[in-house]
Amino acid sequence: EPEEESPPAAPAGFEGLATPMVRKMARERGIDLKGIRGTGPHGCIKPEDLDQMPQAAQ
Amino acid sequence: MPEEILATFQIKRLSVLNENGSADLSLMPELSADEIWRMYQLMVLARCFDERAVSLQREGRLGTYPPIRGQEAAQVGSAFALKASDWVFPSFREMGAHLTLGYPIPQLLQYWGGDERAQKTPPDLNIFPFCVAVGSQIPHAVGAALAIRYRRDPAAVVVYFGDGATSKGDFHEAMNMAGVYQLPVVFICQNNQWAISVPLKGQTASASLAQKALGYGFEGVQVDGNDILAVYRATLNALEKARSGAGPTFLECLTYRMADHTTADDAGRYRSDEEVALWSGRDPILRLERFLAASGAWTPEQGRVVKDEAIALIDRAVGEMEAAPHPSPAELFDG
Amino acid sequence: MAQLNMVQAINQALADEMARDDRVVLLGEDLGRDGGVFRVTEGLQERFGPERVLDTPLCESAIMGAAVGMAAYGLRPVPEIQFMGFTYSAFEQLFAHAARLRSRSRGRFSCPLVVRTPYGGGIKAPELHEESTEAIFCHIPGLKVVVPSGPYSAKGLLLAALRDPDPVLFLEPTRLYRMIKEEVPEGDYQLELGKARLARKGSAVTVVAWGSMLERVLKSVDGYDAEVIDLLTLNPLDLETLLASVQKTGRAVIVHEAIKTCGLGAEIAATLAEEAMLHLRAPILRVTAPDVPVPLAKLIDQYLPGPDRIRAALDEVLKY
Amino acid sequence: MPEEILATFQIKRLSVLNENGSADLSLMPELSADEIWRMYQLMVLARCFDERAVSLQREGRLGTYPPIRGQEAAQVGSAFALKASDWVFPSFREMGAHLTLGYPIPQLLQYWGGDERAQKTPPDLNIFPFCVAVGSQIPHAVGAALAIRYRRDPAAVVVYFGDGATSKGDFHEAMNMAGVYQLPVVFICQNNQWAISVPLKGQTASASLAQKALGYGFEGVQVDGNDILAVYRATLNALEKARSGAGPTFLECLTYRMADHTTADDAGRYRSDEEVALWSGRDPILRLERFLAASGAWTPEQGRVVKDEAIALIDRAVGEMEAAPHPSPAELFDG
Amino acid sequence: MAQLNMVQAINQALADEMARDDRVVLLGEDLGRDGGVFRVTEGLQERFGPERVLDTPLCESAIMGAAVGMAAYGLRPVPEIQFMGFTYSAFEQLFAHAARLRSRSRGRFSCPLVVRTPYGGGIKAPELHEESTEAIFCHIPGLKVVVPSGPYSAKGLLLAALRDPDPVLFLEPTRLYRMIKEEVPEGDYQLELGKARLARKGSAVTVVAWGSMLERVLKSVDGYDAEVIDLLTLNPLDLETLLASVQKTGRAVIVHEAIKTCGLGAEIAATLAEEAMLHLRAPILRVTAPDVPVPLAKLIDQYLPGPDRIRAALDEVLKY
């Protein structure tokens, strides 16, 4: 699907798409998924995507 | 060979006591005076049980209950012919049979109070749990009979069901299988002429239920179901035949459901008072009392004693039933 | 508009449709002379005659089988099974015949019938009188399964079912028959089959229920920011409504009175796990009966999902 | 009233042609010579269809197929009595009835080729799809008859099934319901004496199947099922009775399954060659040929012509069937 | 050890257990004299006599009902239903009686029987000969459901089923009857009911299958880092094995030949969505038949899940 080949920028208020697993990992690392677009299908955030993101201070 | 007659069949009807309670001595079953008295006591016990259960339901102390009033002869008479090693598959309206066989009365009440522990039949009785899905117990009897045959056990099987049940495939399928294997099973239909609001003629166009046995290659007999001596005789014969390897028998006990279908039903909506009155006159207990009275074996006073004893027994049972602790949720997983 | 209970609403829907369409014929045990054991068909035999409101012999499979033949011939039979626990013996007719007839005859014959049956627990009735086996019927391709949750939906859904070209199983939550009264329009109205209803708006969690559990769920969610979906049609599922809600709330709890294993809750949860996974923030929980036979009266309240268990599930998913 | 006789019943057997093909003229149905010839052609057509279907299966051009060999008289004779407005509920072994009623032959073959499009009965025929779940079509006939009664349509219903089907609850339930409502339906049992490997006596202890009707309050008749004139006569009578409102009839057509149960079966495993040979001598086609030959209406030469015509018809049908395009996956959702 | 096909393995299990335990009795249509339509019971009537290998009248509900009575009396009947599509009429006996007897009699009566029936598609047989309705049976509390995937598991599971104190439905994948030969130990061995088998190790995705789909899945996953679970027992599910695998792989695909809606795949997916949600990195996909009746031969290959659809699902979840 073309949508996945060239991901457009996340629209304003875009709630990051992620499975509960990724949400949990993000929570643990203090990452806020709001507005983030990942490299997975439909722009979802993959676990690997989290590695590229700035973590909140622990 | 034009329109040849392939076969001719006869259906018989058995009665021992007429409506006035006088007996055809040639058909009188071998029973001692004590045994007949015991039968009488059991019919009265069944009647008292029934009356109490109905009133407990009205008071909210039992759930929906299906009265047996009018069917005491069919139930007590048939169960009286059983041996301890025989197996019994009841429907849900044979409390008279349970009482005759010695099922603990508190437990019997407990079932209608909505408690599964009631169905844990005591180990010395081979009575299957009540069967609410009409007719579906009939094939079980055939299976038990197959096991008896296979084990060469000296037992027989009795299965009870109503006129309504004869419309179900299970009835047919079980009768047919019993015929094929010539099994030791006695099919006892209490034809009380009603299945909730549906009268017999709405159930089948067959003139008798007994004749249905013709399609299965074994004997069907209509018995006066309000005549306890006829019921006993017919059942005993059928059981002996079964135990001797001579195959199954179908007994249609023609009787009448004198009360509502259950305590949730109002029979006044669908049947006439005249019909009910007619059958009240044919009360099976009355009939045995007349028989006994004729030889001086029964007086109103003796009748009262029997009834009082029965009531006392029921009283105790009600107390026991109500004293039982409420089942714990863990019992959902019991078994 | 009158305030009707569900028994009255169903009775009205049947009467109206019978008056409108002479193909509609009722058949079953005790539904004519006696008006049905719950009085749902009261007065209909008097009004429409014994050929349109047939008291049958005691035989569920014959009732269903005959209905198949009637429907194929061109009528719109409405077989009643006295309690859901007695549908088992009619199962072959429903599964192997009614539901397949259109497909296997490639449209030459169809089977527009509506099976009505009371279902569900909590009425303290004898064995097999409180079954809730809807999931089994949802596994039958070609059969629609519908469950109203009150008098209004009962009439509107039944009218729609009676006009559907294919077989519909119409489950009547026995516990609700006389429990709820609602405004029910007198005239003709239909609720589209396959459409769920938003019974309550909310944004933190989606609770899915149907039949008599709906009432219990609505009572239980007080104080929660819960959206409640009243399924109304169990098969086919209204994916659109389910997904829109769960995409919004990110949490789902399904409540049903059937046992858990292979209950309809499984299909709903599986669908969400397939279609809405990226929106979920919590496990999907099912609040159901335990995997044991429906008990008799003394234990029925322990068996059916109650407010405590429903709230515990809500609390659990809201932790995420 | 001791052991009173409640009722006496008789079961009749009808045959018109004896084994040598000579007819009982008093029972001869009203049929023109042309009509009888047409019946003969149809039996031959059915036989040729059957032989071809079996060989197509052997060649892998059809799926599993259940031969009708030996049952042509029962099928053609009964279907010949039907009117276009009547409804027919077949089992899976009535291809002779389909052919008689004019079901398109390519479509009939297509079914056994595993193609649902075969079951899209042409709009001018009221033939229900084949029924594989044994006996489960019988209640449908009762429902159609209820609809006919309700609509006051001048039609009747015929339902076909085998001896094995009489063991199923569906048979009983449908017979019983037809009796209660006195419906316009004719139950035709092709008693071919085998249900796969189970002989009739393993199916029921009833001496005849016809007598099973006694339990439902309507007439059951045994008909010589290899005698097409008897089958026709009995069916016509039953249909007229049905249409006139006089209720249902049960016909037991006593015949024989001359071939294996299906092409997947090997009857040699469970029945004797002698039995098969005995019944080969009773071939229903042979019997009608003898009858016709006696009056000079049939010669071997004419027989060959009829057969050649039938084969040509089948040839064309096979061609058409095989020329039909493979169904597309989208057709899974058709209907 | 001998190389046996599944027909031989089942035959051997039955023969061994009958020799060991005289309570074991077989009954069904054509299984005695004829040895069964698939020859699974060949030779058993000759060896054990017609009272232990009973040819019955043509009637599935009576077969099942009689088996209930036999089991309650103390035997261990093994009713055979000739094809799964003919179980419908025996449904009431199984659901309302066999499965409940222990619970409703509070242990006074039990019902140790094993229902054997061939099931599943791909054999180009007539209508109702290729059904796969296992999910319905998994919704029956009190009934275990078992499906071997080859000769070895067939014998081991059947021996365990025959010794189980409660009713077991034993489904025999018809397509595999003579397809696979395996080493099958001659003596006694049991595979514990309720335990799944790791048919293939892998780490990127868990594929769950059973019966004849297993063989197809194993062929399809070539080249994928897929772990394959052969369920063997469908009810109760082996949660431990399922969860351990999915917690490792983070992805699940369920493959079954039954239709999708309310199939067993739904229960598995729902269980994962409840118990393993925090380990999932992709939606849970189900590869199933479409929601239509099982077609006749010409379309059966389009109906059953094939390698293409299985691989497409793997590719999809691996995107996450």
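The first chain written gets the first letter, and so on, giving A, B, C, D and E; residue counts start at 1 in each chain.
Assume a contact is a pair of C-beta atoms (placed from the backbone, for glycine too) under 8 Å apart; a residue touches a chain by one contact, two chains touch by 3 or more.
Note that the structure is a prediction, hence the values are computed from the model and not measured.
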I want to compare two interfaces, A-E and B-E. Which one has more contacting C-beta pairs? B-E
Between chain C and chain E, the Cα-mean centres are separated in Å by 30
Would you kindly tell me how far, in whole Å, the mean C-alpha position of chain D lies from that of chain C? 42
On a C-alpha centroid basis, what's the spacing between chain D and chain E, in Å? 37
Taking each chain's centre as its mean C-alpha position, how far apart are chain A and chain B in Å? 73
Mind pulling the residue numbers of chain D that touch at least two other chains? 116, 133, 136, 167-170, 173, 176-177, 180, 202-204, 331
Listing for chain E: what residues touch at least two other chains? 57, 59, 61-62, 85, 88-89, 92, 96, 103-104, 127-128, 277-278, 280, 282-283, 292
Shared interface positions of chain A, touching two or more other chains: 19-20, 44
Every touching pair of chains is listed here as A-C, A-E, B-C, B-D, B-E, C-D, C-E, D-E
Can you list the chain E residues touching chain C in their complex? 61, 85, 88-89, 91-92, 95-96, 99-100, 103-104, 127-128, 133, 135-136, 138-139, 141-142, 235-237, 258-259, 261-275, 277-278, 280, 282-286, 291-293
Write out the stretch or stretches of chain B touching chain C in their complex. 63-64, 92, 111, 113-116, 130, 132-136, 164-165, 167-170, 195-198, 202-204, 264-265, 269-270, 326-327, 329, 331-333
Chain C contact footprint on chain A (complex, rising order): 17-20, 23, 42, 44
With touch defined as at the start, can you tell me which chain B residues reach chain E in the complex? 87, 89, 116-117, 119-121, 123, 128-129, 133, 136, 138-151, 169-170, 173-174, 176-177, 180, 331, 334-335
Going by the contact rule at the top, pick out the chain C residues touching chain B in the complex. 29-30, 33-35, 37, 55, 57-59, 61-62, 85-86, 88-89, 124-129, 290, 292, 295-300, 302-303
